[in-house]
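Quick one: structure below, then a few questions.
Letters are used for the chains, namely A, B, C and D, taken in the order the chains are written, and counting of residues starts over at 1 for each.
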Amino acid sequence: MTTLQATTRSYVAHEYPLWRRLLLTRETAIIAVLVAVVFYSIGNVENFDGPLTLTYLLLDTAPILLIALPMTLVIVTGEIDLSVASVVGLSSVLLGVLFEAGYSIPVAALVAVLAGVACGALNGFLVAYVGLPSLAVTIGTLALFRGVAAGLVGTKAVTGFDDRWTDLATAKIGATGVPVVMILFVVLAIAFAFLLHFTSFGRGVFDIGLNSEAAHFTGVPVERTKLILFVLSGAVSALAGVYFTLRFGSARGDNATGMELQVIAAVLLGGVSIFGGRGRLHGVIAGVLLIGVISSALRLEGVTVNVTNIIIGLLLVASVMTPSVLAALSGLASRRNNRGPSPSSAPVGVGTQER
Amino acid sequence: GGDSESADGGDGGSSSEAVSITMLPKNLGNPYFDTSTKGAKAAATDLGDDLEEVGPETASPDAQVQYINTAAQQGVGALIVSANDPTAICDALNEARDAGTKVVTFDSDTDPECRDLFINQATAEGIAKVQLELIAEQIGGSGEIAILSASANATNQNAWIKMMESELESNPDYADIELVDTVYGDDDDQKSFDETAALLQSHPDLKGIISPTTVGISAAARYLSDSDKKGKVMLTGLGTPNQMREYVKDGTVTAFALWNPEDLGALATYAADALATGEINGDPGDKFQAGDLGEYTVEEDNSVLLGDPFVFDESNIDDFDF
Amino acid sequence: MSQPTPATGPAAALELRDVAKAFGAVVALRSGSLRVEAGSIHALVGENGAGKSTLVKIVAGVHRRDAGELLLDGRSMDFGSTAESKAEGIAVIYQEPTLFPDLSVTENIFMGRQPVGAGRRIDRAAMHTEAEQLFRRLGVHIDPRRPALGLSIADQQIIEIAKAISLDARVLIMDEPTAALSGVEVERLFAVARSLRDEGRALVFISHRFDEVFDLCDTITVMRDGSYVDAVRTADTDVDSIVAMMVGREVGDLFPKTPAEIGETVLKVEGLSSTGEFHDVSFEVRAGEIVGLAGLVGAGRSEIARAVFGVDRYDAGSVTLAGRSVKPHDPRSAIRAGMAFVPEDRRKQGLVTESSVARNISGVIRGGLARAGLLTGAAESRSAAPWAGRLEVKTGALDMNAATMSGGNQQKVVIAKWLATNPRLLIIDEPTRGIDVGTKAEVHRLLSELAGQGMAILMISSELPEVLGMADRVLVVCEGRITADIPRDEATPENVMRAATRSSQEAAS
Amino acid sequence: MSDTSTTHALGHDAAVDRLVEPSRQSPARRWFDTVVRSREMSILLVLIALITVTTVKQPNFLFSANSWRDLLLTPAILLILAAGQAVVIITRNVDLSVGSVLGFTAYLTGRMFIDFPGIPIVAVIAIGVLAGGLLGLVNGMLVSFGRVPALVITLGTLYIYRGIVLTWAGSNRINAGDLPKDFLRLGTRSVLGIPILFLVAVVVVAAVGYYLYSHRGGRELYAIGSDPDAAVLYGLRVRRRVLSAFVLSGALAGLAGVLHAARYGTVSSAAGVNIELEAVAAVVIGGVAIFGGSGTVWGAAIGAILLVTIDRALPILGIPDFWQRAVVGVLILGAIVLDRVLSARQARKLIEARDDS
């Protein structure tokens, strides 16, 4: 008997106990793998336990760690941003050109980041408001931003940034081998984790990824949210570009070419669903570090970069395949007693957006 | 007779422990560096050192830095580098040196303060001079010429190009020769090939091309060899005999220059060993034995000069195999 | 509650025995049974959500049955894909048109079976002529060369019919083919259907319109809550007994409408128009009033509702809520003004099914739940629990996915989500589509209770009994125009249907 | 009936008529409309304009034996890749691994000639195509059975295939000297002033285009891309079709690899890096909707030629070719925006037509 007077019926908040909700997750699995790989390497890879390892690992993965943060949110909404590495290149070049023109690093960096915001805004506008597929748009801007970067400096490099800044980029926190740039990362990571997991905006991000129509019907500002995310992605990528430039003390049009693939690979590896709607930041961070540790260990073993690429590729494919493989297996199991999901279903197309 | 030299190379107390050397060329899959590594490996065996070649797929400094870092982590005795960017890899090199690794640059130098020794394949003057002489002779002393270089921020390439430009300005013999364009093939075979095509197109009256990079000259030669410009547009520069042989034979190219990359790699390795074993510390005036290459002396700005470039042509090309 | 299956005589063209299918926790089909003889037209009736379409999709091989038997001419079948059922001569017209918008009408009909000439080259000329013949047979004029994109739902339905006929199948199943058709089009369709029957084919016809069912069909199978109820010859029965079987109880107590006193105007819609959807729509809804929006499927009622709430754009007109004008195409402004919208399609529009019950219920108000900008799952559960309780949502825990719940409970969650915003106007599109009879009654009781408390309610429904049973006033929509405004006591099935098909019949005559 | 009357119903404007009732037009008129108003035609015009402008600025961009040859020769390989990519994209998928596949077969080709001296060229080509098809098969399997977006899968295989090439080739490369003269001639010779490579490309494009236009399989690919779920309901063999689309794309990439070796003589492990983006760009610029269902291989082909020609024209037009990628980017964005605008306009026309009918 339904009535609007409060009733006796009450509900438990959670189906499963806390430990289950924490431990039996994709994220925990990735973290476990990460830990395992680290310990294995310490045990079996010569010099991996050396003091420099951590420093170099973090220095190398810092840009990917940074970009992975906004990329996670973008992919959770079911979109994708392939242009991030080109934004890195563009901001790097802008930093260099402005520095050559005599501007101070902070000013140049600020302009570079603003440029990143503009790049993100362009992506976001075309995707959210014009309604174009983000895959196509960002393939286009990938070429565009990289082209502008290359156009500005050709294949020459701007170097000779003053040491105060280049040293800062590689400086360590006191005696710990941890680079200073990690402070920036930790701050951003906390901010993004808060945004994604503990705000109404973040809930909207997930809703859009799971069912953007329903999100629209419940008053989630779908367009604006997507725009904001692409802008964030552009800004952080530009920031990463500044770091990248200062770390190598050289601004080149081809800086960080192909990094978008590493970022996306890491994000998906970290348990974010390419279909959108699923993913946690700590998983992503673990994913980035996992790739970083593996390549670092392999380099120490003298394994060439190509093998590393194969492994990253396999990891990527494996990580996205596992859910469907499991589903298929259970499907087969149930198929025998004549149950199972819709038999023939269309392969999912580009990205995850609907027309 | 390698033995006697290796004995010499060995004195200075180095014969005791084997030095671990990492060889880091601009990128892998580049025949020029394959050859220099070949020489380095030979020298290493001669010295009883163990030498490992690592390197990025593409000639970019950030990729190179990771390998320098790794070398530092491994604490190798010496690191032999051909720099993709004079500054970008400096910090990494210095960190490696702080970790006790000796750094020898070859082929393409870094800023002097980031390395212990630079093995100079030939002076910029020498290279510029020989290439200009060759092209001038081939085009009969007058006409438009262009340069097909590697990447626009390859230190050595730019140094040579600058030299050639000033030489063209100053030297009266080259008064009628006009340098109309400089294009970049990024040491990428396909790009160099297409750049050559574009070059001939935008400059119909082109008489000659100088390509001071082995990838570039062979790509350019291949394009010319079956174009109607074959024999009309002269091509010279720096190339390896094996790559150029057929084009010299079919008349696309009359003569080109190069030092012997094999010797270059070898010399770099002997130097690295000498540094690592403390036989020298890279100061001007230091002398060291480089196997059967003989004795070398460290010059000003801590560099060692391999020698004058060598000109290959129809008559002598078959005597070489690299 | 499943009765014994129909008497088994000589092998029927198509027969299903106690077929079951569940989607997660949603049991779409408990024990569906159906027996269709060759050379006959068989009606399959049942309320929304009775499981008719699911049954059809199992025959077609879209879904795999969890249990039960499927027999063709006595041979047991297990279709792994629609291709297989097609190969067995089964043609299906699905409830929702499934066309390829980019391709021409003709290609849509002949895809995969195009007439080919030398070198297996498609013979387009022949294909177009065939299409034209089909359309002539159906007595409609659609250009075979035009793209399917932008066809009206009616035309899309006709293409589907042409497609199915051209297959010249042994078994032809039509899931609500007439829902969007005008009288004339329906008549032509029936003519074709009869001729097919006389050719000795077996036809299954699904419809909510009894006049059609009794006009066309030889036998009727009734379903309720995913189960077979009974199969009767049309000759031996009448509408009331069929309805009784469908609903499982007297129709009366399904619609506990308690009269509430009507207050001042809450919603005012003026001259609302949207190209291709609806034109110059004006109406009012007052406090305590339930206004029913009736019409054929595809009439544009949902579009009107969506435009009013702001999820769709509109070209002209204005929407005012309690004196406040509502920004066009801005659901947030509508929500702020006190509007709530329970949409037509629960799984696609109403819920984020992959998200938890708690998050769904607190979905609209969560902005206000944040403490110092920090929104926690605990806060969400705390605010969701009472509403889940009040609507007696049946779920284990609040963090279970809404997808795991039955259609009825999902609908309760959607309603709870909107009541949580305590709105002045509730727009509810197809409030009871696809939910069991029990829940249906609850929802109706809830609606009249809300009205009683002075809430204004705009209810869209394709079920005449529901409209007539619940509404204080019935607005009839036909081809995007409001063609009648009938007060409760004057509303009859006849005058509503007349208004719902008026203009199309004018067009025909 | 249809061809006789060209009379328009009153109040209908011609544009709407063309959409809603093409049969009212005379066949000739229909042909005119489909050809002249097509997306392909507009790109072709852009291409012609570009060539004209460049040639005016630098006459021997067109009028010299070599430049004419290069004009056709340079795009040949991208043409072949674009043909395969178009087919995949028409099914609402994408194949980012073509560049790596190209690299793989290019190196394989060289190895063949080195390891089996005197092996017939035909055999090598066949092997190259087969190898490519095999790699494509892997993609197709993963996509159609793994239920994972092609974007991710082929992103992964892009890494993997390239990695395999790099490991296999290491630092040794194929030099022109290692390849038989006749094979190299394939890459550069012309018959009747038309380069052999271009002829091959044209044949490929023509064959694929013909299949897509007038074979059931081809039409099904469009149907699948137009609405995958409807395709399933309709009973099309979606998985098999998508699978074969990827196999085709792979096989063509394989062929492209062989021809790459013939054209450039030298094959390093980096052959074909980043070319996948150009292929996708060519297809999108050529008017194939990135969400499948519409577009033609012809368009993709013209798109490819346009891309490459821009690349060669820029330096002559005085724009440093560093800007080339920027131009490409602008073209891609322009193309998809244009498509969106056009389709939106068409949809609106059709709905209006529905209204006042």
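Before moving on, here are some points about what is shown:
Criterion: a contact is a pair of C-beta atoms (placed from the backbone, for glycine too) under 8 Å apart; a residue touches a chain by one contact, two chains touch by 3 or more.
Owing to the predicted nature of the structure, the values given are computational and were not obtained by experimental measurement.
The chains touching subunit A as well as subunit C are D. The two chains most heavily joined by C-beta contacts are A-D. Farthest from subunit B in terms of Cα centroid separation is C. Centre to centre, using the average C-alpha position, subunit C and subunit D are separated by 43 Å. With centres taken as mean Cα positions, subunit D sits 40 Å from subunit B. Averaging C-alpha coordinates per chain places the centre of subunit B 76 Å away from that of subunit C.
Each of the following residues of subunit A touches two or more other chains: 154-155, 304-306, 342, 344. Across the assembly, subunit D contributes 166, 170, 225, 229, 231-232, 269 as residues in contact with two or more other chains.
The set of subunit C residues that touch two or more partner chains comprises 61-62, 81-83. A complete list of chain pairs in contact reads A-B, A-C, A-D, B-D, C-D. On subunit C, the positions that touch subunit D within their shared complex are 60-62, 81-83, 85-86, 94, 98-103, 107, 111-114, 116, 120-122, 124, 128, 132, 143-147, 149-152, 155, 275-276. Against subunit C, in their complex, subunit D makes its touches with residues 1-2, 19-24, 30, 214-216, 219-220, 222-223, 225-227, 229-237, 293-294, 346-355. Residue ranges on subunit C touching subunit A, taken from their complex, read 61-67, 78-83, 311, 331-332, 334-335, 341, 343, 348-355, 358-359, 363-364, 366-367, 369-370, 373-378, 381, 385-386, 388-392, 395-400, 417, 419, 442, 445-446, 449-450, 453. Across the interface of their complex, subunit B is touched by residues 58, 60-61, 64-67, 70, 74, 166, 169-173, 175-177, 185, 188-189, 264-266, 268-271, 273, 311-312, 315-316, 321 of subunit D.
For subunit D in complex with subunit A, the touching residues are 89, 91-94, 142-153, 155-160, 162-167, 170, 224-225, 228-229, 231-232, 238-239, 242, 269, 277, 280-281, 284, 290-292, 320, 322-330, 332-333, 336-337, 340.
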